[in-house]
Amino acid sequence: MNNSLLEVKNLNTLYGRSHILHDLSFCLDKGKSMSLMGRNGMGKTTTLKSILGIVSPRSGHVYFDGEDITKLPTWKRMRRDIAYVPEGRGMFHNLTVKEHLQMAARPSSNGDKSWDFDRVMATFPRLQERLSNLGTELSGGEQQMLAIGRALATNPRLMILDEATEGLAPLIREDIWNVIATIRESGISTLVVDKNIRALRKLCDHHVVVVKGKVHFSGSSEELAQNLQEVETALSV
Amino acid sequence: MIFEKRTERIFLATFFVIALCIPLFLESNSFFVGKATTVLILAIFVMSLDFLVGRVGLVTLGHALFYGLGGYLFVILTPEYEAVNFWIYAIYIMCVSAFVALVVGVVVLRTSGIYFIMITLAISQMAYYFFFDSLHFGGGDGLFIFIKPDTSIFGLSFLNLDNPTHFYYLALLGVLITLLTIKIVLRSRFGRIVEASRLNPARTEALGYNIFSFKLISYVIGSTLAAYAGLLFALQYGYVNPQFMTWEMSGTALVMSILGGIGTIYGAILGTITYEGLQYFFEHMSENWMLFMGGSIILMVLLLRKGLTGYLEKLLEK
Amino acid sequence: MANKIILETESLSKHWGGIKALNDISLQFHDKQLHGVVGPNGAGKSTLLNMLCGALKPSSGCIFHNGEQIEGMKPWNFVRRGIGRSFQKTNIYADITCLENCAIATQRRFTGSFNLFASRHSNKMVTEAAEKALLQVGLSNRISSIAAEISYGEQRQLELAMVLATDPCILLLDEPMAGMGHEESLRIIELLNELKKSYSIVLVEHDMDAIFELSDQLTVLDNGTHLITGTVDEVRNEPRVKEAYLGKEEEETA
Amino acid sequence: AAGDPIKIGLMLPFSGIYAQLGEAGRDGLKLALKEKASELHGSPIEFVELDTEAKPSRAPELASSLLNQHEADFVIGPVHSGVAMGMIKMLRGKDTIMIIPNAGSAAATGPLCSPNIFRTSFSSWQPSYPMGKIALEKGYKKVYAISWNYGMGQESLDAFEESFTAGGGEIVKKVLLPFPSTNFQPNVSDIADQNPDAVFTFFAGGGAIKFVKDFDAMGLRGKIPLMGSGFLTEGTLTAQGDAAEGVMTGLHYAEQLDIPKNHEFREAFNTEYGHYPDIYAVQGYDAGQAITNTVNLLKGDISDKQAVISTMEGLTIDSPRGAFTFSKAHNPIQNIYLREVKDGVNVVQSIAAEALEDPARGCKL
Amino acid sequence: MSAELFFVQLVNGVQYGLLLFLIASGLTLIFGVMGILNLAHGSMYMVGAYLVWYFAAVTGSFTAAAALSAVIALGLGILIERLLIQRLYNRNHLDQVLLTIGMIFVFNALQSILWGNDPHGVSVPDALSGSIPFTDNSSYPIYRIFAALICIGIAAALYFVVSKTRLGMLIRAGESNREMVEALGVNIKNLYTIVFAIGVMLAAISGIIAAPMRSIVPGMGESVLITCFVVVVIGGMGSIKGAFVGALLVGVISTFAAVLIPSMSNMIIYIFMILVLLVKPQGLFSK
């Protein structure tokens, strides 16, 4: 039985003439968690966007739960229970916090709706007092919480987070890591892009480091520990 | 170099060479010279609009207010039945228009975006109704200008405005002056801040500029140029009508400038010629010219991403 | 502190409807010092900076610059007094070159912004000042790149260069290192260390390493209220700060 | 010389609000030229048709095209008074003969009159002036007058007022609404409140339909008589339906006018175009007749423009509206009929004024 | 002005305002909420009026004609969005101006080719043709009351859908960030097609409802277009409530102006808009 949830094979993506991703491949197993690391501008966001179909790769394939989703439009891919927390948070300037959560809410494809409004609120109590504020009126960190909450409201099987802790206070960053851990424990797979190698080492089972659009390192946490030196150089930590 | 793009230089060189020669071929047909003059005058108007919309970021649907005003001011300011000097009155009228633009600008620039579009539209419609309803200015039927002004400078007279060819060259001169004025302003240090306030107004304010005054000055410049175009148009046929001020007039000019490639300035000339050319062609081809006109506009939007000049640049720029 | 007070707030408050973003904040910022401001998300840090630079009007309270009350002034007057700020969300002119970005920022210092005729390139002083600002942040190899095409980290550097180009005496920096990689952060830390010798800097940042290393004074805000102001060590050892802000991640590193 | 082609330029609206008027005028004109082809002494006719869109701003340019580019002998147009001004500016005093087939603006045959400008329609004064007398005859003492605030509207109300007040009537309220607003309901309510003896109005086209419908919808029909310049019920009766019953108007024509020429013309027009003509077609037809008659009298030689003008001035045109001649100012001297709408038809009640001549104030011809 | 006349005019004003809202309702949706600058909106109003006139003559029944016309308009909306508007979402607003002005030309030409240039009228359906006594010598037509009720109904439904339902949130979110909405698993393409088509249908429905009260003439579309924009802008972009209040204000003000200062009554709504924008540069109900 195939145990992979998300598989990326030989992805090549270009912006105009500049070739960003070169034959990128990796695989994420069901219920597992994976990190994607790399320095600024190495193509992490581009990888995520290629997986989601927001940019279309020149060649290569994306498989989700065994199905080739490379040719599907973005919204159909998301309907396979993928959720996305974008870089820059993607707030809607004309929707209130409450509406952000209501508009996104939907049960997963197998009818699971355990992440309802109340559970999101319990996870991010800070949002409770801001329910009738517009999304763009929130502070940076509050926006980040809302973006994650909004993604959770879709009851996903795979959460993709792009720099989810950027601009968060240490305590809240901690909270977010905990939330991601809980999410993972509840059976949701996660693909996390971040620069904080320390936190990711604890959180994720598998790690991928991209350098200039190529996979530089790929391996489990133990393997990462063994190659820490080399990876840190690649990340210039 | 004021003209930065290769395409721009090639186009303008070609345009001015052809434009200079046109009367030589058409001398016998005063209608075509007249038509070409009208197109040039419109091009001045459209350039001034293109400057405001594309470069200053002020999308206005009330620009025709100043176009009409140029003509009406001539009627209002000149003594009846007396030949006045064109240059003196042109400057006089532009000063008055500039003052009107300043007052209007102070009011309309308090808003932005779609609200700015609507408030400019409202003001020009009000001016339209004012002239339409006032019998003193001829009401809806408009007014005649009976006397063409003389154009001597220090007693020397090169141009006779009753001669269509001479008037044509006056309009062509207007195109050149407008083009240079706008280009010089855009290249200046003032133009740098104007550009900045279009690209990112909040940031420009945070850098210590009062962008209101930059916009206001630009608005006055654009409006004054439009008034000059309106003055020329009124003089060409000796006729003013409130209809020159309607939002349809502004809308048509906007269409021409988008068609040419918004914000390119020289594109305004190309857009005007193309639009007028198409309309002339379709009108003589079929009673249902609107169908063809609309169809070609739709096709052009779909096919050309950045207007006609965008397409030209693709061809000519390496 | 020996240095003179250059900027001061007195019971500064900002309310949005029922939300008290900032409540009764009195702070003093000294010349040639770096004053760190930290606090949980939504504590009101950006709101504070927004009021210090004139972008927001306080609901109540006063701001003094060199002893003069300034909170009612127009935003551009703040800049003219030498109060410059950077933005939390990158806020640059995306479609033009880095040099032009800085030239816009610096031109105001030289006369002629209302000169309609002289070419924008005719004043060498403007170009030089802009180049200097880019050099300061380490972007001198990017002078003629279009701002949208440089990497995110570099855009953050450009953001900073633009503030420097206005030649301020007070720098208000809102998370200049957010989204920057490690290497770039180190460069900025180095730069700020250099800058604080000649400017007064207010720095909002969640990167604790940077804050602890740089701050002469450190203020902690929580939920719109002033928690504590003091030296780095004073603040670090304050239990309330640990509870409200730092959490255990900090303990681990410490 | 005879046999040379005669060039006729048309400057009429073929699109926009006045398009129907333009088309009707053109059809009438072409019918006349076709019927009277034999009178042209072998000269072929060439048409140049330009769409004015009823936009004054383009008028001078189009007129210049007909004058200078196409060198037309006759220019027929326009419908819209504003356009007329632009045309007159170009054509005044030129060799080309301009025949106005509709626009009623007083200035065209008033201060701006010119030897080469003729009108085969009416001046706005003509249909309204006799209505003042009619109102008095019917015993109306207090009249509410309402129209659009533009040349035609003002001139119509003024003409009515001129004869009405001279005979002792009183205009209780005179309302000039901005053109082309059609939100009439408040004014109809105001009329109900004022309760005058009658209402006099000038509206045309879509505005006429809307006004008559509002008047009826608010329950005023049958209570307060509605009178107007004839355009209130011209070409609009089907759209107005029952609402127009009983409306009294004055005009220089009526479709049911019982004279042989009219029957003849209507049948001929219907055979040609498959529908019956309206007033605008009549006016175009008479413009065509003015041309053919002149050419005929000159035996096909229209090179001497002075002769053309003096010939045309002397014509008596056998119009479907009844024969008419031109006044000194080149305006038709014609009968004005009083009509009343009965069963969806303008029925002629009487001749409101016989051989009425426009005063042509300000014309120095 | 007597109290009675004041009341009469108030009723007239409200009724006119409601009709204005109906005409503007599609525009609020397409322009205010979705953010698409559709200058051809007036043409859709014209199309609705012409269609109902045409089908009323063919079928002999106003109701059948109205239903048929509304359905055709919906189809037309889908077609226009799919063929034209859709290609412009990631372009400058000004390109939308250009495209929709092109559409105005085409629709005007088609109207002239298909239906000619004569003015037309549609008679009020028999069931609604009566009127109720109003003042001493005037009465109020039932059809106009009926039309007013429909306007209120549509206003309420629109308000509810846009501000309270998930669909409404999706539409608004789409105006803010299309990519993000799609990344939440919503087929934004279809959603926008449908919403645009509904906007077109609303414009057509207002043409249908207005047809028996107004005249059907060439160019009728352009004359209402600007008034609609004024209504939407006075209310504040994106606010249904604003458009509703704006329409009522414009209706009442121009009604009273038509009687009290007739010569100014066209200008008055512009003056009013300018005043509103000077006090609230983002319209009455902007956030």
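Quick notes on this one:
When the chains are written out, they are named A, B, C, D and E in that same order, and each has its own residue count from 1.
Simple rule for what comes next: a contact is a pair of C-beta atoms (placed from the backbone, for glycine too) under 8 Å apart; a residue touches a chain by one contact, two chains touch by 3 or more.
Quantities reported herein were computed from a predicted structural model and do not represent experimental measurements.
Any chain bridging chain B and chain D, meaning touching each of them, is among E; the list is complete. Hopping across touching chains, the smallest step count from chain A to chain D is 2.
Of all chains, the one whose Cα centroid sits at the greatest distance from that of chain B is A. Inter-chain contacts peak for the pair D-E, counting C-beta pairs in contact. When every chain is reduced to the mean of its CA atoms, the largest separation from chain C belongs to D.
Centres computed as Cα averages put chain C at a distance of 75 Å from chain D.
Computed centre separation for the pair chain A/chain E is 43 angstrom, with centres defined by C-alpha atoms. Computed centre separation for the pair chain D/chain E is 35 angstrom, with centres defined by C-alpha atoms.
A straight line joining the Cα centres of chain A and chain C is 30 Å long.
Residue positions of chain D touching 2 or more other chains, listed in rising order: 15, 149, 178. Those residues of chain E in touch with two or more other chains are numbered 108-109, 112, 263, 266-267. Contact annotation for chain pairs lists A-C, A-E, B-C, B-D, B-E, D-E, with touch applied as defined. The residues of chain A lying in touch with chain C in their complex are 39-41, 88, 126, 129-130, 133, 137-142, 144-145, 163, 166-174, 195, 235-237.
By the touch criterion given at the top, residues 29-32, 34-35, 38, 129, 132-133, 135, 138-142, 144, 236-239, 241, 243-244, 249, 283, 287, 289-290 of chain B touch chain D in their complex. Contacts from chain E toward chain B in the complex involve residues 39, 84, 87-88, 91-92, 94-95, 97-99, 101-110, 112-113, 222, 226, 229-230, 233, 237, 263, 266-267, 270-271, 273-274, 277-278, 281-283.
Within the complex formed with chain A, the chain E residues making contact are 166, 169-170, 172-173, 175-177, 179-180, 182-189, 238, 287. On the side of chain A, the complex with chain E involves touching residues 52, 54, 73-76, 78-79, 83-84, 86, 90-95, 99, 102-106, 134, 150, 154.
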